[in-house]
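Below, subunit A partners subunit B and then partners subunit C, in two separate complexes.
For the complex of A and B:
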């Protein structure tokens, strides 16, 4: 009976979103609030499913289909962890959107796509069937396509297409991998395949899909380009939800379900190390604030992948907690970048500087989120970075551990550079376009935007101080 | 434990909240720091104990312990906190960000107590890395227009702290535990060598040793003197030395004279000589003291590098003496700066006449820091030099070069400040000088009473006793000779240059050395610049590759698809013969497949 809560958690945003354009035609405020409520329903359902996880009676439901096929939803610890993370951050992003998006066209579609996207994410995390997972995966790609192309300019459309093509291509290749598994096991049901060893070629195909979705080198190029989207979208896609789908799928398939070759415990961390170091290097030279954060995302996702693929419990739990830490903090960073961009109408860091005086709260929230990404205690990022690197060292791979420490140093360097260039130092505005008088008029974003980033900043800190709580849930995932 | 971390935190927030009420600020700061000292004394004199808080994430444990060594460091830091805190409260009365500065300062006190009380390496790391953010924030205060120092400090300390993280993780991997008291001393070989290197780099980085030193002189340009008194003057030295002491006495089995031992001594000696050499070129007292702090940290590092009981005891004793002296000197410098409005040596001349008590304090503190015979620093320095001599005569010679340069420095500064003519007029103020008097008294106490050295040896479980008299007569004679040469050189340099201020010019302008100073002033010898340049070059390389990757996605693949489409459309021209060719080729392929099977 409780399984229906999961169905509500998925279908409410998926179907409810269809009402948003209609409501939006008559009442904008009501549409906005409804969008928030729809996402909040997902969050509440995920929170309710926590009782199942801690009560040892998981919420699940199964639907029979013709020809002996079936599909279902199940809220185990991993699903609930991901659902809570994604829906919490999405709620904040919807709130922030009230202030950010209100003067643009296509708002109805925007809210609809964001909410559908959250529904698709819920579908992915609760699905117990490979085909259902694939279907929700593709729904998310569709939403992503529309959201990146939100401004309808030529460049945004081109980049939206790029994102769509790369992620869909990855998903199709992954689908071939799914069929390969079906050919071996005769089922798409994940529960029925627990502990089944799958051939390396299927793992490689699925991995291709995962890496394309989580933007890992060399399949990463779409992610920085997608920075042309509005900031709440980049926050949702780059930080909180979309890119986490890939790493979630890795955890679901290769940690909790299938038995894969030990060689992947070396291959995947090596890919992750290359991706992390490479993108950290690019981030250090970029001058577009959102592109720096995008490359940072790719680099940090590699830490998650490293933790999940190292084969040690401490690393896997660290990798899962890293998802939470990164989602919260990176969403905050993107939203802060949105406030800055909104005020200055530029994303070029060379034309910024000294904004801490005008935007003290945004600067503070940015600092909190930045410290978490850097891995400074007591922020959650500290624990997760420590656990992930401990995992790979425990696995005996000291060299990779050292490389990731190097990457952590580079993370500090490029984030400090960004922070100082944007919020401190002398003003770097070209005088003819942005005079000192104009700068003096620059103010914080709207109340709702500032509150949103402050929530994420404080959450980054609070999650670190009370890291015991999410850690309990994350450690239950491994069993 | 909760009290030692919680009290400074709570006090910090109270001080920030009552930032406009000077009386409450003074009472709160005095009460909290004195209480902190009393608790530290209680812990030092009480029985050792261990405790843990089970509120950490999976794989972590907040574990705490009190041993003789931790107790001693706690007492030292608590004593210095009183002086620094009093000075800061007095000195930030009218400052715009005084409350915020006090808040950060007290958070850093809490973090220092946390590190010293940590029972396992992961807990040390937790408090240790927290300090990076506080340092970054405190250096930003009043420097929002010029944030380079804070960025540099964060980058440098992060590099050393993350190296430490790697070292800690390797140590835990080897020892199968993070609990310090459960670790059986790890041989410094194989993976243990790498772990030791990383941990020591973390410790030396915190102390401000080469190549992690460069933010300290930069801070002298931009940060208030209170920051220098608190961080390079006390916090950094205490933490770095504590970790180094724990590493060589509890975690690793460092063999004296081994490759690692020599490496750490070399780093120490380079830092000692380099810091002193750079101090020679300074015309401002604040910057001179900043380089002196760097230099003295090198001497402490060299002591730890020896790995012997005498060397390590000497290093801890030197740390004790140096932090007291440096903290006092920085505070005195701040007071003089406030009165005279500058720290230029030429403008601060003749304080013996203007403020004789301050002058006496300066003499005591600087001579003790220098290791002048029969003062506290002398005993410490002799223990270290004796231990260095046991490892290598060459290293001792380099260390003595450092002693020579340091002596030149402090004699020069002392002569200008105490006996110089002219300078700015200012009045004497005993209230402001209280912390300096106390610290000078402590420095004298270390000279006449070897009790702390006995305590250090007990804390380190040292078998031999070195209290009271230097261990090596040879090094003592060499040191005395070097000090004498320095005095002679000072007289010679003063005569040659015509003033004490420029008495070191003949050294600075010597061939080769002149070029080195030139490069140093341009930042060519700054390891931070090397790091940034290296990362910048690497970033440029990655960016070029990224352009290539983007070209593949944006032009290459679409071009390939378009080209293939065009080729196919040209191929499919509607003629029947083409289709028949295709059918024939297809059939042949099917047949090959069929027969191959």
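For the complex of A and C:
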């Protein structure tokens, strides 16, 4: 009975989004509010599902189909945790979009795709069938394609296509892996496959899909390139929500469902370490503010993957909490970068400087989110980073632990470099195009944009101080 | 039950009646109203197919014999048979014919009377093919389809069209020779070409007889593969489909290759069930078509040529479905015939719209048309996603069924290759989308407007069909399960 709440949480944004272009034709304000309301419905449904998790009976519903297919939804602790994180951040991003994109074309498509994306995300987290998971996975790629191609320039279209091709290729290869499991078990039902040992080649294929979606080295290059999208899109897709699909799938499939070979507890952390170090290194070299943040995202995703794959409880709980910490904080960073870009019309950090004076609130929110990513106590990022590294060391792999500590140090350094270049120091504007007078006129972003980033900044701090709340939920996931 | 008889008669008699009306009525009047006449025929066909499907389902029939102008009680007088599968093919024929007419109302300016005559002849041929009960009549109707297509392609007398038509004619003649020879060999063994008499021919045969039958099977497969435009017999297809008028290309790509080619192969598979050689041959042709078609499509710059090569590639998926020899495979193949009919006609309607509004089909000369032609753009995006098998559109489900069938019948590697080959489909269609609809608008295209009338209507209708089929396909699965088919 309560299972219908999940169906509402998925279908409201998926179907409601189709109305947005129609509404947008007549009333722009109503469209924006409807978009927010649709995402809020998902959040409320996810919150309602908490009762199922803390009560004795999980919300679930299942529509059976032949051939081992079905559309089944089940809100266990992992699903609710992800749904809450994703829909909360998405709500903030929709709010922020009011200010950011109000003067561009194709807004109807934009809001529709953002809301469809949230629906697809809800579908992914609640699904109990591999094919259903794939269906929603591809819908999310589709939204990603349209959202990155928001500006209709040659380069944005090309990069949108690149992202689409990489993620769809990953998904197709993953689907081959799913079929490999199907060939062995005759079903796509996750519940029927609890604890089943699956062959290594299927794990490898599925891992390919996961790494392509979560932009892990060597399948990462679409993510920094996708920075040509509007900042709220970058924030939604490439920081907060989309890239978390991959790590979520890892948790769902390889931790909670299948029994995979022990060797992957070394292989995956090693891939993660390479990805983390390489991309942290590249982040030092980049001068485009969004590309620095994108490389930072790839690097941070490796921490999550490390936590989930190390095989120790503390690491896994840490990895899950890391998803929450990184979603909130990195979304905030991208949105702040959006405000800066919006006022200065450039993404090049070499042309920025001293903005702390002009944009004190943005600078403050940026600092809060940044501290969380760096892992400064008492922000949430500190606890999670501590837990994942402790996880790998408990597993006995001290070398990898050391590498990740090195990477954490690098994170601090490149973020400080970014912060100093953007917010402190002298102005670095080319005088002929951007004079000192023009600089003096640079102001904060619109009220709604600043409020959005402040919410995310404060959330990063508050979640750290009250970290026992989310960790209670996260520790339930592993049972 | 009586109504079912009437419905069955619609498929053959109404097109004949339409030809009569077309030639009796005064020419100026017909020229003005040619699309009303042909459109009505198509609507009748769709309605009759849908009705017959429901009626057969309600009565629990799996086959219904009927005849025209002769008494059913005489043994052997029933020349025709309706089955659920043939009805789905008939439905597709009606749908594609309707789209072709709607597009023709814009694109066909001259030769309208001939267009109607030929279209109706082609309709009789295709309907006849899926209704008959013996291979020889099938062959006769196949040639009716072939000849009307040659003339339709070259109807508007451009040099390119003539070239395409002659190429098609010459290569097709090989197909007819192959098929006729095969029929002769089979006739030598059985003394009959009725489907029910051919069934067990391989069991009773020995040594040299067996070889002869295998030879005739090979000839049949080659002949029908030529008609289907499958690799390595595909070279006529892009030329013919590109050079014909778009209303004709819709017919060719949307349905003719499927009736003349795929339906023939479907008959081969059902007449010789479980023959390993047939399955291997179809699988090999299928995989080759998927890969070659997609790779060649990547290099083209003409809108219709890309879409034509995409047909080669998609036919490959249908053949893979047939090659499994299982019910799921057949269902997947038939489902893909339907979804392919829907998305391929959409893409050709887009081509017609672009040709009308922009005046060229060279994708390098277009760009940024999305904001100027929103309906065309949206429908082509939906068709592209359906072609690539991206959920939740129709193409996803039919491909999924085909892959499941491949996997469960033991061809896991083929299934994997077919799946991953979808990325090429994505690639060439993304390229097309980027060059035509997204990106920046060149100066000379600033004043392009959306197409109106018939083309716009079918674009919307087909988009709705593709999306609705995709979203409601789980219900089809549940229905098939309730009938015990999967």
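What we mean here is this: the second predicted complex is superposed on the first by the 475 of 479 C-alpha atoms of A that agree within 3 Å, B and C clash if a C-alpha of one lies under 4 Å from a C-alpha of the other, contacts with A are read in each partner's own complex, and residues count from 1 in each chain.
We adopt the following convention: a residue touches a chain if its C-beta (ideal position, glycine included) is under 8 Å from a C-beta of that chain, and two chains touch if they have at least 3 such contacts.
Model, not experiment: these values are computed from the prediction.
On the superposed subunit A, the two partners subunit B and subunit C both fit, without a clash.
Contacts of A:200 after superposition on the shared chain: neither subunit B nor subunit C is touched. Touched residues of subunit A, counted separately for subunit B and subunit C, are more numerous for B.
Touch criterion met: A:398 reaches subunit B, while subunit C stays clear of it. Once the two complexes are laid over each other on the shared chain, residue contacts for A:408 go to subunit B alone; subunit C is not touched.
When the two structures are aligned on the shared chain, A:357 is found in touch with subunit B, with no touch to subunit C.
Once the two complexes are overlaid on the shared chain, A:444 sits clear of subunit B and of subunit C alike.
By the touch criterion defined above, A:377 lies against subunit B but remains apart from subunit C after alignment on the C-alpha atoms of chain A.
In the superposition on chain A, A:131 makes contact with subunit C only, while subunit B stays out of contact range.
The superposed arrangement places subunit B and subunit C with a least CA-CA distance of 5 Å. The residues of subunit A lying in touch with subunit C in their complex are 63, 65-67, 69, 71, 105-106, 131, 134-135, 138-139, 141-142, 149, 152-154, 157-158, 161, 164-165, 168-169, 172-173, 175-176, 179-180, 182-183. Chain contact summary for the complex, subunit B toward subunit A: residues 55-60, 122, 125-127, 129-130, 132-133, 136-137, 140, 144-148, 150-151, 154-155, 158-159, 162-163, 165-166, 169-170, 172-173, 191, 194, 531-532, 535-536, 538-543, 545-546, 549-550, 552-554. Interface residues of subunit C facing subunit A in the complex, by the touch rule stated above, are 328, 368, 370-371, 385, 388, 390-392, 396, 400-401, 403-404, 407-408, 412, 415-416, 419-420, 422-423, 426-427, 430-431, 434, 438-440, 474, 477-478, 480-481, 486. Those residues of subunit A that touch subunit B in the complex are listed here as 162, 166, 218, 221-222, 225, 278-279, 281-286, 313-314, 317-318, 321, 354, 356-357, 367, 371, 374-378, 382-383, 385-387, 389-390, 393-394, 398, 401-402, 405, 408-410, 412-413, 416-417, 420, 424-426, 467-468, 470-472, 474-475.
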